[in-house]
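Take a look at these structures.
Each of the next two complexes has chain A plus one more chain, namely chain B in the first and chain C in the second.
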Partner chain A sequence: MKVTDIVEKLNLKVFSGHEGLGAEITGGYASDLLSDVMGHAEAGAVWVTIQTHRNVMAIASLRDLSAVIITCGEKPGDDTMTQSNEEAIPVLGTDLSTFELAGRLHAILR
Partner chain B sequence: MRQIRADLHIHTLLSPCGSLEMTPREIIARAKARGLDMIAISDHNSTLHCELTVALGAKAGITVLRAAEVTSAEDVHSLVILPDEAARASFQQWLDSRSEKIPHNPDIFGDQVVIDENENIIAEIKYFLTAALKASIDEVEAAAHRHGALFIPAHIDRPSMSITSQLGFIPDDLYIDAVEVVGRTPEILYPVIRNSDAHIPEHIGRRYTDYMMESPSFGELAMAMRGESGRHIILADA
Partner chain C sequence: MSFEYRVTGGDFTHAGYASSQVKKMLKQLGVDSIVIKRVVVCLYEAEVNIVAHAWDGIINVELDTDTIFMKLTDNGPGIADIEQAMQKGFSTASPEVREMGFGAGMGLPNISANADRFLISSEPGVGTTLQITINLNSPAV
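Coming up: the complex of A and B.
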């Protein structure tokens, strides 16, 4: 499944990183502690979080993640989106909570 | 120039997690007994016990700096040490404007009371003080420096509520005056200090930092953190 497929199925907003929408998703990871994601998220995973700080993009790049989904209607800052465009790692958004979004994501990735 | 011993991270009973024994009077007595020259009062997202402690410290010959341990939106704790009473009052207004006002339950989190010099309760804070402000760490840093304060990410080597746990690493475009550590001195580009983070009287001064400076004051501390005019941090390993 590609990033663009989950954008469609979960009705996600695409904030930035459009060039990466064709990337393959191989799993998911939900966490708001960047130190935890840095240590444990696997390459190709889509990361679900409410953190919007620009460090999110550095960690996503470091772990070679396929996309970031920001939950609860939170919005990334300009610096986060700029880095997302540079790295071609999409930042997506939803009004759903992490719990709701992760449940739906898990169901379609299974 | 002389060696000044300072513990710049002490909670009072105003913090929900602060023991009710942590009255300004008790803190000053303990600081004196532990040989501290200078302390900072740093309650969670509040500066309301600073003035009383400053006054009691002046009588006892201990310099008390006004501070707060601020929780930014990422759940990162940072110390903001303010230069004077005018800056404190203004920074308190900024804190009030950014707090979430989540109703506080003292049975679960502990009391949040302000007392006077006779240790009578004069106010009780009804919202949970430790909750994250509606302000990112960039906004907290900017507000601190707008008030002429020192901005110091707290206990950066702890696995929770620290800049490293929440953000993975220290963003290089934050203006950081120093970092506070609990354990060993990291190899890091920022000045490093240690403080007790005391919530009970017995912990006051359990960690501290020595500074080479003319006298215990905010201005001298700022110079020591910048390494100006011979002032500096005397770094002992943990």
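Coming up: the complex of A and C.
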């Protein structure tokens, strides 16, 4: 499954990082603690979070994540989107809560 | 090969720069991806600790064919009780830092779990030094 497939299936907004929409998704991880994601997310995972600052992109890049989904209608900061574009790692958005979004994502990735 | 990076306390905008540079270098050298992951986890956590807690610091990275050695020396408040600081969940991070999702008390345990050799020493009121060694040719910890 590619990032673009979950954008379509979950009706996600694409904030930035359009060049990375073709990346392959290998799993998911939901957390708002950066060290938790650093230590436990697998390469290729989609990260579901309410964090919006640019350090999110540092983690996503360092751990080779496929995309970031920001929940609860939150929007990424400008510098977050800039880095997302530079790294070609999409930042996506949804009005759903982390719980709702993670449930739906899990169902389609299984 | 050896490299040096400077880290400024409180500068979250550039947090992760050294980790990113080292990751690129190891990738170019064809180092195993599991080893790179372990290096990146250790270095990023240590780098963010300087940004979150210290005034400034220096990262020295020494690379040879078998190992990567990373020494992070900071000027800062230091750690009074290292044993306590090593416990999962213990953190002295500010509320602002915690709001960003840092300061969950997972950094030092993450380093410990991913390093082949990890030494930490500190003098309260002066600073903290971390020495992290990872073997480049053996993926498992």
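We adopt the following convention: the second predicted complex is superposed on the first by the 110 of 110 C-alpha atoms of A that agree within 3 Å, B and C clash if a C-alpha of one lies under 4 Å from a C-alpha of the other, contacts with A are read in each partner's own complex, and residues count from 1 in each chain.
One rule holds for everything that comes next: a contact is a pair of C-beta atoms (placed from the backbone, for glycine too) under 8 Å apart; a residue touches a chain by one contact, two chains touch by 3 or more.
Predicted, not measured: the structure shown is a model, and the values here were computed from it.
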When chain B and chain C are modelled together on chain A, clash or fit: clash
Partner chain(s) touched by A:H53 [first = chain B, second = chain C, both, neither]: both
Contact breadth on chain A, by residue count: chain C or chain B: C
Partner chain in contact with A:A43 - chain B first, chain C second, else both or neither: second
Chain B versus chain C as contact partner of A:S84, first or second or both or neither: neither
Touching partner for A:S35 - first (chain B), second (chain C), both, neither: both
Contacts of A:S66 with chain B and chain C, given as first, second, both or neither: neither
Against chain C, colliding segment of chain B, chosen among 9-17, 99-107, 153-161 or 225-233: 153-161
Intersection of the chain A residues that touch chain B with those that touch chain C: 32-35, 38, 51, 53-55, 58-59
Contacting residues of chain C [partner chain A, same complex]: 12-13, 15-16, 19-20, 23, 33, 37, 40-41, 44-45, 48, 100-102, 104, 106-107, 110, 113-114
In the complex, chain A residues that touch chain B: 32-35, 37-38, 51, 53-55, 58-59, 77
Chain B to chain A touching residues, read off their complex: 74-75, 136-137, 159, 164-169, 171
List of chain A residues in touch with chain C within their complex: 32-36, 38-39, 43, 49, 51, 53-55, 58-59, 61-63, 79
